[in-house]
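Chain IDs A, B, C and D follow the sequence of writing; residue 1 opens each chain.
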Amino acid sequence: MLTIATGNKAVAAAVKAAKPGVIAAYPITPQTEIVEQIAEYVTSGDLATQYVPVESEHSAMAACIGASAAGVRTFTATSSHGLLYMHEMVHWAAGARLPIVMANVNRALGPGWNVWAEHSDAFSQRDTGWLQVFVSTVQEAYDATLMAFRIAEHEDVLLPVMVNLDGFTLSHITQSLEAVDPGDFIPPVRVPHAIDVENPCVYGPLTGPTEYYKFRWDMERSMRDAVGVIADVEREFAERFGRQYGVTEDYRCEDAEVIIVAVGTLGKEAEVAVDLLREEGIAAGSMRLRWFRPFPKLDFGGRDVVVIDRDYSFGFGGVVAHSIRSTTGAEPYSVIAGLGGQEVTYGDIAGFVRTRQPGAEFWFGVNGNV
Amino acid sequence: MTAIPKEEYLLKCTSACAGCSSSLCLRYVTKAAGPDTVLVVPACCTSVIQGIYPNTAMDIPVYNIAFAAAAACASGMSNAFRALERDTNVIVYAGDGGTVDIGIQALSGAFERGTDFLYICYDNEAYGNTGMQRSGATPLGARTTTTPGGKPTPKKDLDRIVEAHNPPYMATACSAYPLDLYKKVKKALSIEGPKFIHILAPCPPGWRYSSEKTVEMGKLAVKTGSWVLYERENGALTINGPSKAAMKKPLPLEDYIRGQGRFKGITPEALEEMRRQIQMTNARLSREAEGIC
Amino acid sequence: MYEIRIHSRGGQGGVTAARLLALAAFRDGRHATACPFYGAERRGAPVVSFVRIDDQPIRVYSQIQKPDLVIVLDTSIMDVVDVLQGIKEGGVVLLNSSHDMDGNGLTTHHVDLTGIALSLDLVIAGSPILNTPVLGALARMGIVSLPAVKAVIGETFADERNVQAAEKAYEELTL
Amino acid sequence: MRERLAISRPTEASSGKTGSWRTFRPEVDREQCNACGLCAQFCPDGVIDQELVIDLDFCKGCGICAAECPKKAITMVREDR
């Protein structure tokens, strides 16, 4: 069914289609609309789920862990400080190998209070063992949320998946949305290690130094296997519903001399900058990074790379720029832009490309840096 | 006498300390709950008591979870079992630190939401698992590794906090009265909604007494009125037998305090204050039980 | 791409107007994006929302710098906000007012949306409803079609007076 | 299926033969015993069976049984291994 929705409502609609058994969530700006919309679905009877209105994000994830361990499909949503407050349980969910799906509406961190888009919240969870995907349109928010359940619950993965969408810039904008009937694309969930009272086990007991690392290795093994599972699920989704995604969304890259890498809505805005640059005779392309964990194998073939990071690792640099540097050997021009919702237009992005200095770092809007 | 099932869900043998009252309580809690039960256990002595991977002494499912998260995890689990149309008992089995301190927010949330589960706090009045640091449940004057001069403030009144949530059933218990505990767990599990049982669990290494005195210590706590056994069903209070007797004629508080190394060197002022608080609590509960309040 | 900026005060329905407009454009078979400029939304404070309409999918998420059309739902805002900032040469202004303004070379239209709302008693919590009549005015201006506007309002609001308000604004708009 | 996370299975002697922890061993005087069962009731580790036989492979020697026996039928004697 074709309709319009905000990014938040698209996530909620995908969750409704996936029919989780338990949803536990706590409201936080700008994610609130997801929680509200799910509460509407539950009240109206459109979604038969156990809705747990928890008292904190730590408890939201803990409740999802308890529910997933009992063998049902689970979902939660959060943002920013909420995500950081649940950090302990974010690790726990992955270590417990539970296929929980979470929407994270990317938002900056205080102080000062800032409710606008930034990716630092999600990137601060990058070592938890969660798969992370970043979306850029209302439709993609829907599609990625639906696919997240398939990917997380795949027997070769059994790791939780975080679907990231930019706060306000995507969570609150209205675009068209085609909701689908997932049918058997989303089969009933099967958690192979779900609690079975007939076969009592102790989950997560004390585990000594001679055993512990084996379970960590198994997480990494599954993260590696997830690469293929993601590709398969996205391929199947394209066959069934007609929309194809990948680890990156590449735009006019084939003959490009310089490639812009950005995440989320800035990645879409970069496509407009590419068109602008092409009109000027600059052979630009853009590669919007979708999957951040597992981090994809990228190849820039020796071309210039301009990375826009809507995040920062203090004392180190832009997280995406450094990830690309360490995995590809490229020396990107690292632009730090869009922090806390800082306005970045396609014109600005085109400017970054025109004045690029490979290997250098540039904070957009800050005088006298580089 | 209540027929206690022969089945043991705590296999021989746990890695609990000799004379551990938490082990004793676990035996009766699991006997009362039966095999269609999941214990949700946050970091506490019971994390260790279960045994080390890949073996365990627990013969019912146990879900270990982070310190602050037990009530919330149990909440989601209980909802999941309801979604699956199963009435598996979900029981949190948590220590005092994980309940009165770091876990109290999750506890409060789960009770406010009306979660169908039983929360059991076994209270040895300190962080036993990490070597006896003070918790909010440590009593006034007790020495712990973080209150080497004796705790300057009294024990947090957890029961009145839980009571403020108006659960359909709550009770206190003591490891020295295992049959009473068994009955209370049975009753709690027969009621829908959030239930709470607070067990006083004397701890030989923590309280510094020799292990054979675990039962005696619990009985003294009750007989001196330091610990009152009661049940509260839909708010209505019933004082249980041993405590009724203690209210009429309590043993001297010193009988309970003297045998515990943790109270060695307690000041007369602290002892007086403790006595005053015990009298206040007993008077309050007894007035309420008689309908005068 | 046609870019529209809507000025209003918190509670006057500017954000909803943007969504309804996007929905109507979508009904007309076009692509549209509506986004509120999200601040600390407080009743009475000046707020801005944006609508982009195009025949191609819209990839721009930044704020509208050079609007083709500026809609002013509350002309008292013009004392504190430069509503014409960045407007394109040959741009259009739509005012909620019973009289015109000096457009300084811009095309201006006006319609008394507040009067229309009050005449139909379309008032919620003390505020006249402006977001449905404004769609009628926009239909008259050819931004979206009148059938799309009526369909969108009819699906969104149970109260038929909302459709009537849009029709009335369609008729009363002074071009 | 792969090993995915630490899951323990119920096993007797999961913590080894804890009988080796003992310093004192309970000895029951069957003449004195009136089979009231309090020793079994209060045993934290459940090592005293229905016939009130103490499983010395696992008894940690805490002495609660001796302390609680109303007939004083159990004495704790020093282990002499």
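As a convention for this text, a residue touches a chain if its C-beta (ideal position, glycine included) is under 8 Å from a C-beta of that chain, and two chains touch if they have at least 3 such contacts.
Remember, predicted model here, so these are calculated numbers, not experimental data.
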Checklist line | Pair sharing more residue contacts (C-beta pairs) when A-B is set against B-D | finding: A-B
Checklist line | Cα-centroid distance, chain A relative to chain B, in whole angstrom | finding: 42
Item checked: Where chain B and chain D are represented by their mean Cα positions, the distance between them in whole Å -> 23
Next item on the list: Report the inter-chain centroid distance for chain B and chain C in whole angstrom, where each centroid is the mean of the CA atoms.
Entry: 63
Note to self: Between chain C and chain D, what distance separates the C-alpha centroids? Give it in angstrom.
What the structure shows: 81
Next item on the list: Scan chain D for residues touching two or more other chains and write them down.
Entry: 6-10
Margin query: Show the residues in chain A shared as contacts by 2 or more other chains, in ascending order.
Written below: 200-205, 207, 211
Next item on the list: Name the residues of chain C that each touch 2 or more other chains.
Entry: none
Check: So which chains end up touching which?
Finding: A-B, A-C, A-D, B-D
Next item on the list: Show which residues of chain A lie in contact with chain D when the two form their complex.
Entry: 95-97, 155, 158, 192-193, 200-205, 207, 211-212, 214-215, 218, 221
Check: If you look only at chain A, which of its residues touch chain B in the complex?
Finding: 21-22, 24, 49-50, 52-56, 58-60, 62-72, 74, 88-89, 92, 195-197, 200-208, 211
Notebook entry, point to check: Across the complex, what residues on chain B touch chain A?
Noted result: 35-38, 40, 47-48, 50-54, 56, 58-66, 68-84, 88, 105-106, 108-110, 112-113
Next item on the list: Provide the residue numbers of chain B that touch chain D in the complex, in ascending order.
Entry: 4, 6, 8, 10-21, 23-24, 27, 50-59, 178-179, 204, 210-216
Check: Given the complex with chain B, which residues does chain D contribute to the contact?
Finding: 6-15, 17-18, 21-22, 41-47, 50, 55, 57-58, 60-64, 66-68, 76
